[in-house]
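Shared chain: chain A. Partners: chain B in the first complex, chain C in the second.
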Partner chain A sequence: MNKLFSKLLLFFTGFSSSLVIFIFLLLSYLCIDLFNLNDISNFLSFDWDVEKEKFGIATMLFSTMAISFNALFLAFVFSFSICSIIFLSKNRYLIFFLEKTILLMSAIPTVIYAFAALMTIVPFISTYKPSSTLSILVASIVLSLLLIPTMSLIFLNIFKTLSLKYQSTCLNLGLSRDDFFFKFVLKNSYKNMTGGVILALSRAIGDTMIALMLAGNALSFPTSIFDSSRTLTSHIALIFANDFDSMAFKAIFFCAVLLLGSNFILIFIIKSIRIK
Partner chain B sequence: MKKEYLFYKIVFSIFSFFAMALVYLLISFILYKGLSSISVELIFSDANIVDAMMFKERVFDGIFPAIIGTLMLIFLSLIFGIVFGVASGIYLSIYANTKVKEFLTTCFELLATVPSIIIGVFFLLLSIYLHKIFMSNFLPSLLLSSLALSLLILPYLVKNTQLCLDNIPKEIKHLGLTLGLNKMQNLFYILLPYASKELTSGIFLALGRACEDTAVIMLTGAVASAGIASSVFDKYEALPFYIYYISSEYSDQAELNSAFGAALVLLCIAILLFLFTSLLQKKFRKKYA
Partner chain C sequence: MKKVLTLMVAVASLTLSASSLDDFADLNGSLNIAGGTAHIKCEKQAIKNIMKKYPNISITIAGGGSGIGIKQVSSGIIDLANSGRQPTEVEIEKGDLKLFRFAIDGIGIIVNPQNPISNLTTQQLQKIFSGEIKNYKHFSANSALINLYTRDQSSATRKVFWKKALEKSDIAKTARVVSSNSAMKTVIKNDRNAIGIISLGLVDKNVKLISVNGVHPTLENVKNGSYNVSRGLFLLSSGEPKPLAKAFIKYMRSKEGSKIVSKNGFLATDE
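Let's look at the complex of A and B:
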């Protein structure tokens, strides 16, 4: 009975963990099956026009990068500031408020952020710049809110671990708490913080709803942050929702493999940082 | 008090204030608009409330079917998620040897970063192929969505279960074994009851993730108006998809108001789950203290 139970558990575990490999293999297989070299150059061009049989996804790739990195930069600034305030402040209520807010933010549905931003931030920006409604800028700002909890919780963890270990030593050596933070904690947490940033990047690349609802989904190449643009994830959502045409489908699998591959690479980078 | 860090502190404060202001602006906007537009009529339309609650009368224009759809979705994906997630967590924590553990943990870490839209695509493909080959009723449906969602929350459940069991003090872990229980009895009589609160809080956390995800259900069977699903093989309505759909297609203020109502309900569900989780966590922090 005991043995049977452990075999059963092994079966469940093996099944659920192998699914991720299966997903990757299936998507890659669909790519390889449908590909020849001619198509790859087609896919890596900047034009997407189903009628002219042009299926370039480079524009979407660029927009994904643009939105993710803008959001990542904003989120880094925000979460670093919030965590520093939590660490440096002596006001208990402020610390409680900030910590609880971060936790609360991790529970709020993305679609609510996107919907609220659609009704508030978008009209606000278009009063100052009437030509721009849905744009990379709005999507990046809202996406950064999504990334704040991911990053902040990791940063806070790093800061707390370091201070638990070394704070009393450093304070006894005559450093003030500010000195301890700026001269010791920050210098010793770069490497671990990179891990948090990369994890947030993988979340940013993978997010669909905010980009879909706020970036505008235009197919043309964006020239400024006020332009509308379409990311890989929202491209997948839009094409899958609309048609099952074969050639457009191939490009979608290519998008999916790109997304999945980039996320896997990011995870392996984090793992290698952790091992060092 | 040194002045040299004052500049940095001011900059940090400004950015923190800006971020907090933005978050609370968005939340309070939904709360304000939602509270001013929500009404019994918005939820049940012109159907009789008691009859609608008993599923005797269909609700056509209200958001009641979407609320029920979301609850059904959460419930179903929870069942699948618990079976696979908790079983895997137990295996990783108690039975697996180091090498297997490392490999499987990596797999689950990778699974955690798979974008939700790709999970949706995968299950849609699965349903297309299976539909062609043998299972003719395996179309986009409540069942397919809940399977996809359970895969999405699986890594969280696994990680949480594993952590809970790993964190049990050594003397309690080995107590049953030294008294002659086998591994399985030890697990069911001692370890799982001991860690039950932590396990529940992890499950609620995963539930929060399941109730918010839109990309997955968009591809696997949520539609704008289907009423309440009568079986798991039916298409269904869900709150997040409803909000997305209205926000992209609304034609008048009344429709927009119903989206605000739906957003309020969804926000309330998410916040309730969050509060419940933190309450449980507070309780077991006391236990360890």
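Let's look at the complex of A and C:
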């Protein structure tokens, strides 16, 4: 029975993986028209202007990374702090509250975060910095809320697994609970934590709704976190909603290849960390 | 006497309603519509009336944008497309598209209600939207940076605005881009230094319309031609529309359909 179950699992995993690879190949095929030298240099430029037939997506690629890494930094600080408090605190109510909050946050759809931010954070920032409303900063803050549960749940899982296995031994050897956390748990969990961080990064890169609604989607190259900017996913959504059968439409397939490609790279990094 | 009059009005409105919806009497099945978002508001009301009287008819409506609507109707995925622009000749030829205009929509320039500006000339608009003028102090308002909002380059709303209001002058790349008319209303409402463009049918008290060259963007001014930043709202079919689609187009262009169109801030037309 177990063997049959394992084979079934293997079959479905293989099928899903082939499907993803097929999608990647299909996307690559759909943007194959663009792969001559002139078009590639056009693509890798910073200038997107449909009327002047310029289809550079480097600005969007940069903005995607800027928003994702800012969000990742914020989310890591909060996730690590929350998980440390949960692990170290003796207050059962506080632990219960934090754990349930994380679970609740993981169930909230991204559009709700974006809409709530549009009604609260955007007017707030508009009051103190009127030139910066929809910007990299706002998108990063809200995106970090999306990443917190992803990261926190992985961190908590690692901490709890190590704690279950080694806590009583370490405490019996004379370590305090704080020492056990800082000198043992953290030292032995950084590899798996890196996996969690990279998983959150891939989620940040792939998010559409928050970036589309809050980053402002300007086509200019951003020079500060208060500037408005456009990510690859928002770009795909905006072009796809209004256009088809043009060079701009074909260009978004290249954006999709880049997005899927970056996810493959991140998954590969996670796997290699875990193997080590 | 009063009762008789009320009864007469009721009978008259019932007759009118019956005649507008009569074309659906022998029909059933489903009708799928998708595309431009400006149309949705009035089509929703029409669909409600039709489905209430004929529950065996199912009509679905979705957004997605004019381009998506044109693509889907050309490929036979949907029965009718909503489009806020006239399709190009290539699109018409490729999809064998038939155009049915049922409303005229104006494109207005809007600011936050707290903004004191009430009129801009074409030249001022060109300078604002090209990014040449970046501060409201140039218009004897308080000093504040202008937050520019627009739609994407392939949006029908933006195309009409660019062609007719800006007379094809550049739009700055620093302009923030929002994905729909409703999203535009929300961001302008929440940003006191914002300026953007919107379909007149979606304007309400949360945003303030600005006159262009002294002409206020009202339906009357769109109708008499003094405000020319306007466009047609089209229903498109690939080839001759099917009976249900035909009846829907007829209803949108009927007297009752016109009332719905006018009630939602557009000009009704059947040309």
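Rule of thumb we're sticking to: the second predicted complex is superposed on the first by the 256 of 276 C-alpha atoms of A that agree within 3 Å, B and C clash if a C-alpha of one lies under 4 Å from a C-alpha of the other, contacts with A are read in each partner's own complex, and residues count from 1 in each chain.
In this section, a contact is a pair of C-beta atoms (placed from the backbone, for glycine too) under 8 Å apart; a residue touches a chain by one contact, two chains touch by 3 or more.
Note that the structure is a prediction, hence the values are computed from the model and not measured.
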item: Partners on chain A (chain B, chain C) - clash or fit; value: clash
item: Which of chain B and chain C A:210 touches, first, second, both or neither; value: neither
item: Which of chain B and chain C A:12 touches, first, second, both or neither; value: first
item: First, second, both or neither for A:138, with chain B first and chain C second; value: neither
item: Partner chain in contact with A:20 - chain B first, chain C second, else both or neither; value: first
item: Chain B versus chain C as contact partner of A:237, first or second or both or neither; value: both
item: Contacts of A:118 with chain B and chain C, given as first, second, both or neither; value: both
item: Contacts of A:228 with chain B and chain C, given as first, second, both or neither; value: second
item: First (chain B), second (chain C), both or neither touched by A:151; value: neither
item: Partner, of chain C and chain B, that touches more residues belonging to chain A; value: B
item: Which of chain B and chain C A:66 touches, first, second, both or neither; value: neither
item: Clashing chain B stretch [against chain C; choices 42-50, 204-212 or 222-230]; value: 222-230
item: Touching both chain B and chain C, residues of chain A; value: 118-119, 212-213, 237, 240-241
item: Residue numbers on chain A that touch chain B, as the complex places them; value: 1-2, 5-6, 8-10, 12-13, 15-21, 23, 26-27, 30, 77-78, 80-82, 84-85, 88, 98, 101, 103-105, 107-120, 141, 145, 148, 176, 178-179, 182, 202-203, 205-209, 212-213, 233, 236-237, 240-241, 252, 256, 259-260, 263-264, 266-267, 271
item: Residues on chain C engaged by chain A in the complex (per definition of touch); value: 64-68, 70-71, 94, 144-145, 147, 152-156, 172-179, 183, 186-187, 190-194
item: Interfacial residue positions of chain A with respect to chain C in the complex; value: 49-51, 118-119, 122-123, 126, 130-131, 133-134, 212-213, 216-220, 227-228, 230, 237-246, 248
item: Contact footprint of chain A on chain B as seen in their complex; value: 2, 5, 8-9, 11-16, 18-20, 22-23, 25-27, 29-30, 33, 83-85, 87-88, 90-92, 95-96, 104, 106-111, 113-122, 124-125, 151, 154, 158, 182-184, 208, 211-212, 214-215, 218-219, 240, 243-244, 247-248, 259, 263, 266-267, 270-271, 273-274, 278
